[in-house]
Amino acid sequence: MRPINKLSTKSLIDSSKLTLDDINSIFCLAQYYKSNSHQKFDFHKNKVASLLFFEPSTRTKSSFELAAKKLGITTLSLDTSNSSIKKGESFIDTVETYIELETDCFIIRHQLSGACDFISKNTSSIFINAGDGKHDHPTQGLLDAFTLKEIFPDLSKVNITIIGDISQSRVARTNLNILSILGANISILAPSTLYPMHVDFKNINVYKSINEAVENSNVIMCLRLQNERMDSNALPSTSEFYKYYGLKESHLIQYPDLLFMHPGPTNYGVELDIKLKNHKNSLIRKQVNNGLYIRMAVLDLLLSNLS
Amino acid sequence: MRPINKLSTKSLIDSSKLTLDDINSIFCLAQYYKSNSHQKFDFHKNKVASLLFFEPSTRTKSSFELAAKKLGITTLSLDTSNSSIKKGESFIDTVETYIELETDCFIIRHQLSGACDFISKNTSSIFINAGDGKHDHPTQGLLDAFTLKEIFPDLSKVNITIIGDISQSRVARTNLNILSILGANISILAPSTLYPMHVDFKNINVYKSINEAVENSNVIMCLRLQNERMDSNALPSTSEFYKYYGLKESHLIQYPDLLFMHPGPTNYGVELDIKLKNHKNSLIRKQVNNGLYIRMAVLDLLLSNLS
Amino acid sequence: MRPINKLSTKSLIDSSKLTLDDINSIFCLAQYYKSNSHQKFDFHKNKVASLLFFEPSTRTKSSFELAAKKLGITTLSLDTSNSSIKKGESFIDTVETYIELETDCFIIRHQLSGACDFISKNTSSIFINAGDGKHDHPTQGLLDAFTLKEIFPDLSKVNITIIGDISQSRVARTNLNILSILGANISILAPSTLYPMHVDFKNINVYKSINEAVENSNVIMCLRLQNERMDSNALPSTSEFYKYYGLKESHLIQYPDLLFMHPGPTNYGVELDIKLKNHKNSLIRKQVNNGLYIRMAVLDLLLSNLS
């Protein structure tokens, strides 16, 4: 029997609303699915999940799609390049169309912060935020924390440093939320133009250099540097960023136990030395794999709540 | 046991060929599927349906795709942006490829009137016209009539006015066909440049103004104003169209029982006042929902004919 | 019981590596699936196949997708127009993502020769090359040979002439490999600029004109003329190509038993007379149909090897 506990929330939109119990329930069920990998189930064969991705995605979309299919859920995918969006149909009208198509669960990525929250009002469908602008990406934070807890069961004994565009990254924001709930020791390192002015720094260390960061961390969490940061002149160049904030092979030689993560897709030579691709201390592929089980767990728990 | 009656037609291409018995059989089975919503069936699990959409679509394509999946049908979707059409492959060669891929049922949208009829000759596969140019869109007309009959069981007592681009809209043409068969009292209102010169007006009233239309109607059926009408200078501007042909909140205040429909996607501020979004008299979301059951019924009946 | 024999290869990347036994095993199982057409099976319902097509395709992609679904395999399709490739993610990182999403079998088309071979190193997943640059397209060669053997059980008694862009066509290269293994008598005809300098001509006749070719052949295999050959000035014009290398109705009148094939999509008026569309001697549609059963057989055999 798989472990199904009731979550405190109908939808998964904002990682800061998750309780420690919620997170533990998700991790417990994700562990079950990981132990039963390469198997299909039919727990939700009368359910429909609609994947509406208004921004490009490979790993998040494929991961959710496979998670749904492995649970027996019927999936519908919006093809933004060949849908009525081309005729000017609005986001809200698009979602309402899918509600009338018996969608039990929406999985939504949108470029606007708050889009998923906005659209989830006044409907009985479940919503999972798969990334909304600069705001949140709950399953990314959950899969990152799950990956860390596989290695460090007690996160209060671990020092994790997030490096990069802290101020505008939904991945950073989500990890700060979830790792805080789990009691990890979190630090950050960011160029001054990408520095998070809005964050409450009570429990967060701030490092001044990558050398200081790698010296004091068990895990480095790199963030994807988005091209629009370059366009807005927030940074002089990608090679400048790499020089001062990129994780290099020399760091791993100096600190052979240092682990590192990246939400992908990775810009090698910007956030990360190309020589670190497939390094034994990389958790990047584990993150992708665990993402599948986290998303199965989230879908299963939310849909089990529903029925 | 679901109610399966033999249709008079192998394929569903032209709404004017449907008999009253055909329409009643479809509505009867659609009602069955609506009463058993949120359920999957496996009546046609060895069947293959290919969705070939050469024009953008959200609701029609998703609706057919879900209808097929809920009946256990395996679906193939042509991705026009990444298929051999990019290499110049013709429509007929594309369809013949899918015939050889064991397609039992084609669901086709194409910009050319008659495309579906043309391609259906000399093959044993079933064809469902999901919109062909200015010609026809049978399931849209069926779902509209089904939605009306849920409210008005006897359509001969109902006055329905279709407003907009009557001359070039396949939705208008289809509704004129199906509502005539069902005995409804149909009127139209159209700008003179979008006036249907080809229609036999024996049984159709023609209104001169929106005020006259709303005063004498139980239901207003708006049509989507297509941008190409603007490009061809058939209309001075969208705001001009809205002023003289748009349905406004004031109309609903004056006639609080007036219902209204729209095939979607809706241009608010052109065909319809934005204040009427989610108005209690709107049938728009019911239309989308009923479309799912109409399409399940059509697929089920045509495929049951086949075997 | 379906006939499952062990193949000599874990993946299907290079047609020249296939043994005669491999080919016979594939044909035997394809025959089984053809005899049981319009049926679904669930032999591999816990397996996942990822279709990564970096070049446009209708028939190969749809054929593999349907083949997988008919075997109960869960499919994931990369949408190159809306994936992380848009954010600059590399081919190898994309494949690694899908490996972590429990992909048992990759089906890959890529514009670079050797892409599939390169990526298949150091992983336990199965890879099927669905076309890599100018190199190979094994299932195309297999379905062509299977189609020929249905008509001519003993290929050593058959004269087959391949016409067109021999030098750069992966279809030509694959057919030369597979038809050689099967002992067919192969000839070629090509414009001098598209002449294969690299091929070992020990067992291959070279014709000088289309008249000589049709006179001495049982089967003409046309190749698709790719537009990039025009752009590179390898040919004066498509009409010039048609004049000297196109198969025309007059040839079929002169040699009424001559059969012809084309891998599709066909450029009528370039490789082939439009009057030959749907000619009784055309094997084109049979090729597409047999492609489905060949791909079911290949998927089934490779995945059965795995477990």
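Letters are used for the chains, namely A, B and C, taken in the order the chains are written, and counting of residues starts over at 1 for each.
One rule holds in what follows: a contact is a pair of C-beta atoms (placed from the backbone, for glycine too) under 8 Å apart; a residue touches a chain by one contact, two chains touch by 3 or more.
Since this is a predicted model, take the numbers as computed values, not measurements.
Enquirer: Quote the value, from 0 to 180 degrees and to the nearest 5, of the angle by which the CA atoms of subunit A must be rotated to coincide with those of subunit C.
Expert: Value: 120 degrees, nearest 5.
Enquirer: Between subunit B and subunit C, two touching copies, which fits better, same or different residues at the interface, with half of the numbers shared as the threshold?
Expert: different
Enquirer: Return the distance between the CA-based centres of subunit B and subunit C, expressed in whole Å.
Expert: 40
Enquirer: Touching two or more other chains, which residues of subunit C qualify?
Expert: Those would be 79, 81.
Enquirer: Taking the complex as given, what residues does subunit C use to touch subunit A?
Expert: Those in contact with subunit A are residues 45-48, 50, 74, 76, 78-79, 81-89, 93-94, 96-102, 104.
Enquirer: Can you list the subunit A residues touching subunit C in their complex?
Expert: Answer in residue numbers: 37-40, 53, 56-59, 61-63, 65-66, 69-70, 79-81, 227, 264-267, 285-286, 288-289, 291-292.
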